[in-house]
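There are two complexes below, and they share chain A, which is joined by chain B in the first and by chain C in the second.
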Partner chain A sequence: MSSRFERGAWRVRRDATRTTRHALLLLTLTACERENRRFSENPPTAAPTASALVVSQLQPGPAVVEPKIEAPYDDNAWAVSEGKALFNAMNCSGCHFQGGGGIGPALMDEEWIYGSDPQQIFASIAEGRPNGMPAWKYKLGTQQIWELVSYVRSLSSLNPKGARGGRDDHMMVKPPEASTPQTKPKMASTPPGDD
Partner chain B sequence: MLARGRTRCAHHCWRGIVAIAVVTTLLASCKGDREREPTRLALVARTGPATTGGDTAARFTDDGQWVRPGKDFQGTRFSGLTEINNQNVHNLRAVATFSLGTTRGVEAAPIVSGTTMYIVTPFPNFVYALDLTQPGLPTKWTYKPRPVNASQGVACCDVVNRGLVVDNGKVIFNTLDGRTIALDAATGKELWITQVGNINIGESVTMAPLVVKGRVIVGVSGGEFGIRGWLKGLDENSGNVAWTAYHTGPDKDVLIGPNFKPFYKSDTAKDLGVSSWPPDQWKIGGAGVWGWVTYDPELDLIYYGTSNPGPWNPEIRPGDNKWSTTVFARRPETGEAIWAYQVSPHDQHDYDAVNENILVDMPWKGQQRKLILRPDRNGYFYIIDRQTGEVLSAEPYGFINTTTGVDLKTGRLQYNPEKATRTGETVLYSCPAAPGAKDWQPAAFSPRTGLVYIPHQNLCMDEEGVEPNYIAGTPYVGTNVKMYAGPGGHRGLFDAWDPVGQHIVWSIKEDLPVWSGALVTAGDVAFYGTMDGWFKAVDARTGKELWKFKTGSGIISQPMTYSYNGKQYIAVLSGVGGWSGAIVAAGLDARDSSAALGFVNAMKDLPKKSTKGGMLYVFAL
Partner chain C sequence: MGVASSIMGSALASCSGPQNVLDPAGPPNRSINHLFWAMLVVAAIIWAAVVVAALWAALSRRRRTREDLEPIVDVPNEEQRRHVGIVTGLVGATVVTLLIFLVYDFTVGRALAERPSRSLTIEVIGHQWWWEVHYIDPDPSKLLVDANELHIPAGEPVQVKLKSQDVIHSFWVPNIIGKRDLIPGYTSSLFLHADKPGVYRAQCAEFCGLEHAKMALPVIVHSRADFAAWLAEARSPAAEPNDSSAKEGKKVFLAGACSSCHALTGVEAYGTIGPNLTHIASRRTIAAGTLPNTRGNLGGWIVDPQSIKPGARMPSNQLAAKDLRNLIDYLETLK
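Moving on to the complex of A and B:
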């Protein structure tokens, strides 16, 4: 009687342990996917090459496919949050607000006038764009611009979810980046002066 | 405690809470069909003295023309034409159209001088001269000023232009990139170009100039960019800057001298433009001019108001912040300040004081007085003695909870401390919202009815101060805003206001903000447009809708009327945009309720109701 009871209890305990173990494993695995932490690395110093300035999809003759440059901070939650702080401190938010746009175009939608690739966004920030976007390369360093690039990409969920902001310290004006649905970037088909 | 609870609530449950002179002959012709006896009112000297110079004097009496956006120096937007009246306006039909070739918000008025209609468009500020003598109004000439593209980056609220002026055979207008340009009205040839603004310190120019006594009066936009606001007087013939009056800084820069006699003590002390700011903050204190300038030829004074102080977040700038949100009276030839009255000292909510000062002579408490009628952004309808700057009355014409009234003894606006804007705290339900109970859209005054026709909005907002950072050429605001409809749920109103009785006579509720100007005629018809494109005519005495026409895009411009060959025409420009319509004109994303300084949240449905456009419509019987 008592031994059977004890065996039953043991089985329950073993099941519980297994469940816990599975849960832990799952947690570990998902946690791994959350963010790839890199604790010691040099800041990116390289700005994208001149190819970033190509804004036409039409090339005469056989097209040259430029290698896509990875954004160094797309998967780095800390750098993305630094990008957000810069976005507000450098008054990007004064024109683009929290992504919906105003003086400058919306950044959280699917439309990209000058492209959504990291090097294209880098070029938009560093070199400026003709219809009102200031050129920031004399004010911000390469690392800061890369942080901004990844924050801007996070506004339409183009970077991994784990690195995107989950809450805002200010008045709630939109869903956090972590819960913004990802959009498929499209090149704007309106002329830049009419965006 | 309540405020704290509310603040916490801001992050979780705000939505739930929110749910919550005339010409005496005209007077004589007044119809007696109004219940109340028509008030005895007179426009100032519609037959202005010859000292006003130029060919403008003669035009005071010519209702066939419309040579400046406000129609006359007094800014009445009243026309004596009567062919189109409240009995036949329902027969109005479109007789001509013209595409402006632009798709941003059109706030300008068409201007008619002689047999030509002139129009300035939003950026890139094309100027068209259309021939009224030919069927279909063909173009006589087109002028392209080619403003710097980058100037679009320092235009806070769409890339608008509020109109041009014709004077002495010249067309004079401003460009977004800060130039004042004079053209030969007959040929479109450039006469002079003066660079008055600098985009690299956030300056742009959107207002219509006023020409008075050979002076072109021009002000600067950029209260959201940390500018140091100014008004300039340019020589009409050479374009040379004759004077510059700053609106912050020491008295000598503000052109305050021995003849400056403000009515209230709080406006009287040396160098208030410095001492009412934290050290050096006045150098980036805003106080631009982008609204309306009116002129009294008898007193020889121009009247205008200055914009909000910068940044919006008031905690950054303790003090009255003079001379932001201030009505000034100045001499047009020298710019010398004669009096000033600060409407909203230490502004909390972006209540610019740029709204029109309509100049009317009328009896006040038994005595004939020279007055300013002024529906201010802060929600009060001010009656000010324009000789002295004394506020005689300030009654609410919209829903207000940010202030409790105006103390007529001291002239001080009384703030409600519960609605004060604070850094890091969200204050819910502040009314009126940042664009005020009325923004730039000018009201009209009919001496026949004695009423002021006020196009305006009914919006409230949640507001949070944040730390701003001054970087020249970029926005300097420091406030998060989220707007929504005020009590009643309607976002717009077209009201007839009795300035003598200080009350609303009739009111038309509109779903969308009424962002167009008003026009009223001696035919007792008032006109306005809606942001979904309806151009409407209503009975000036009853508010009854008499006619409407659907234009291609939303209307946020200034309707006008003129006559050619003895026939009366009504004209309006259609093209949605401006601050309120930026969601359409600039294609903004409504998921961010702070977009376009928070206006997008109140206009989420606009893209379903209007598309971009830019078109002139001309109507006749």
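Moving on to the complex of A and C:
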């Protein structure tokens, strides 16, 4: 009786081992191509038009449906890490600090003065915003700005987790983007410049 | 016969060149080379002797009888005593040979670590994937920041301090000095000592990412007088453009993306992400030894660096044809 039970248990174990082995084999195959690094964009990624500067639904006349532009690098870990490198290289940290805000607004909270959509962040970086944000479109290429957009979105976990950074190259001043809880973006309650 | 001689010829030909450990260009590397050849020759002789002995042992006819193979009482006979003597002698010879090389090796090591009290100090900072070079002067206003080319005077030791900005790189001028790692957060140092003027090629010798292979550094050894002249010239600010197209190019450089990463001494371009371009037109190569510095290569590098060196920090620049021409005109005036 016990022997039959043992045989059954052994078969279950054997099946489990086989399943695990197959699963592992499949895993090794999937690991071959996690993502493609896109070193250059040809033709260059289109920059959002002026309509992207619209940050409010309030407007005269019928509602204009704004085409939503997907951030080209939101799910690309390498591009997000390049964005992170640019964030420090271009001294974004000088005002926004490591995303916590200081001279400029915080980038890791749920409040967005000019919107959290990719094209809105692109417009904020490229065109600049009142009260101190410079326009970067002459100083950075479109591809670089898109990388920055995806990094800024990763600061409040708005992009897929797999693409967010797991650690810093230097001393950690905050939890890595990969373990930041996702926020629900909302418009800022205070207008810019009032705080 | 012809084949053999051509192989010999190519083997000898590979013993010289700008990037060759077997073609020493200075005292430290020469002493390393002597050690190398001494070890190689002695090891080759020993190896040959061992091979001959092994062949002799394998091929010589057995002279033993059946009784010799199965001794009933193990009494050392004359032959066994001789064998013990031979083995002891050879073990002793091995120990003595290794000890001699140990002492020789220490002497060479000490000669390399020699620290002259006064010497020119150069800082080499590794970046992914290029070299930043600082020529230190006691007078801070004379600090010279250069990139992707190392100039040293002949006939005196030059201290090179090695740092890294990002990952571990390794500094290696095969003709002049062996490798030393550039480690983030740590300064290591070595002495370059070259005999005579010449142009050599250094290469990053520690895998540091995608473009590790395209991280080379031309090393130019000047005579002392030439070096002083070069230093004075290199400390001068960026040349002012004279013709109209170069003047327009300067505007493109300053208003566009170039100046966010590149610096020009004496001009409002302070970027430190990429190499300093104050004297770009005098450099032999661009992109850290990747391409010869020609007008065509420069244009290709500005417009599409990612197909020349994929992954490099330099982005592709979409410039209007006129702007690009003016920009290259300007860069070519930066002698």
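The rule we apply is simple: the second predicted complex is superposed on the first by the 153 of 195 C-alpha atoms of A that agree within 3 Å, B and C clash if a C-alpha of one lies under 4 Å from a C-alpha of the other, contacts with A are read in each partner's own complex, and residues count from 1 in each chain.
One rule holds in what follows: contacts are C-beta pairs under 8 Å (C-beta built on N, C-alpha and C of every residue); 3 or more make two chains touch, one makes a residue touch a chain.
Since this is a predicted model, take the numbers as computed values, not measurements.
K.L.:
According to the stated criteria, A:Pro185 is in contact with first (chain B), second (chain C), both, or neither; which is it?
P.N.:
A:Pro185 sits against neither chain B nor chain C.
K.L.:
What is the contact status of A:Pro175 with respect to chain B (first) and chain C (second): first, second, both, or neither?
P.N.:
A:Pro175: touches chain B, not chain C.
K.L.:
Output check: A:Gly100 vs chain B and chain C. Expected answer is one of first, second, both, neither. What do you get?
P.N.:
first
K.L.:
Let me test your reading of the model: by the given contact rule, A:Pro130 touches which partner, first (chain B), second (chain C), both or neither?
P.N.:
A:Pro130 contacts chain B only, not chain C.
K.L.:
Which of the two partners, first being chain B and second being chain C, lies in contact with A:Tyr138: first, second, both, or neither?
P.N.:
second
K.L.:
Which touches a greater number of chain A residues, chain B or chain C?
P.N.:
So, of the two partners, B touches more residues of chain A.
K.L.:
Does the superposition put A:Phe39 against chain B (first), chain C (second), both, or neither?
P.N.:
The second partner, chain C, only.
K.L.:
If you lay the two complexes on top of each other, which residues of chain A touch chain B in one and chain C in the other?
P.N.:
On chain A, the residues that contact chain B in one structure and chain C in the other are 89-90, 139.
K.L.:
Please give the residue numbers of chain A that touch chain C in the complex, ascending.
P.N.:
It is residues 37, 39-42, 44, 85, 89-90, 138-144, 169 of chain A that touch chain C.
K.L.:
With touch defined as at the start, can you tell me which chain B residues reach chain A in the complex?
P.N.:
Residue list for chain B touching chain A: 10-11, 14, 103, 124, 149-156, 224, 424, 426, 462, 464, 466, 469, 471, 473-477, 480, 482, 582, 586-597, 600-601.
K.L.:
Would you tell me which residues of chain C are touching chain A in their complex?
P.N.:
166, 255-257, 259-261, 273, 304, 306-307, 310-311, 313, 315-318
K.L.:
Residue numbers of chain A touching chain B in their complex, please.
P.N.:
Against chain B, the touching part of chain A is residues 88-91, 94-95, 97-106, 108-109, 111, 128, 130-134, 139, 170-175, 180, 190, 193-195.
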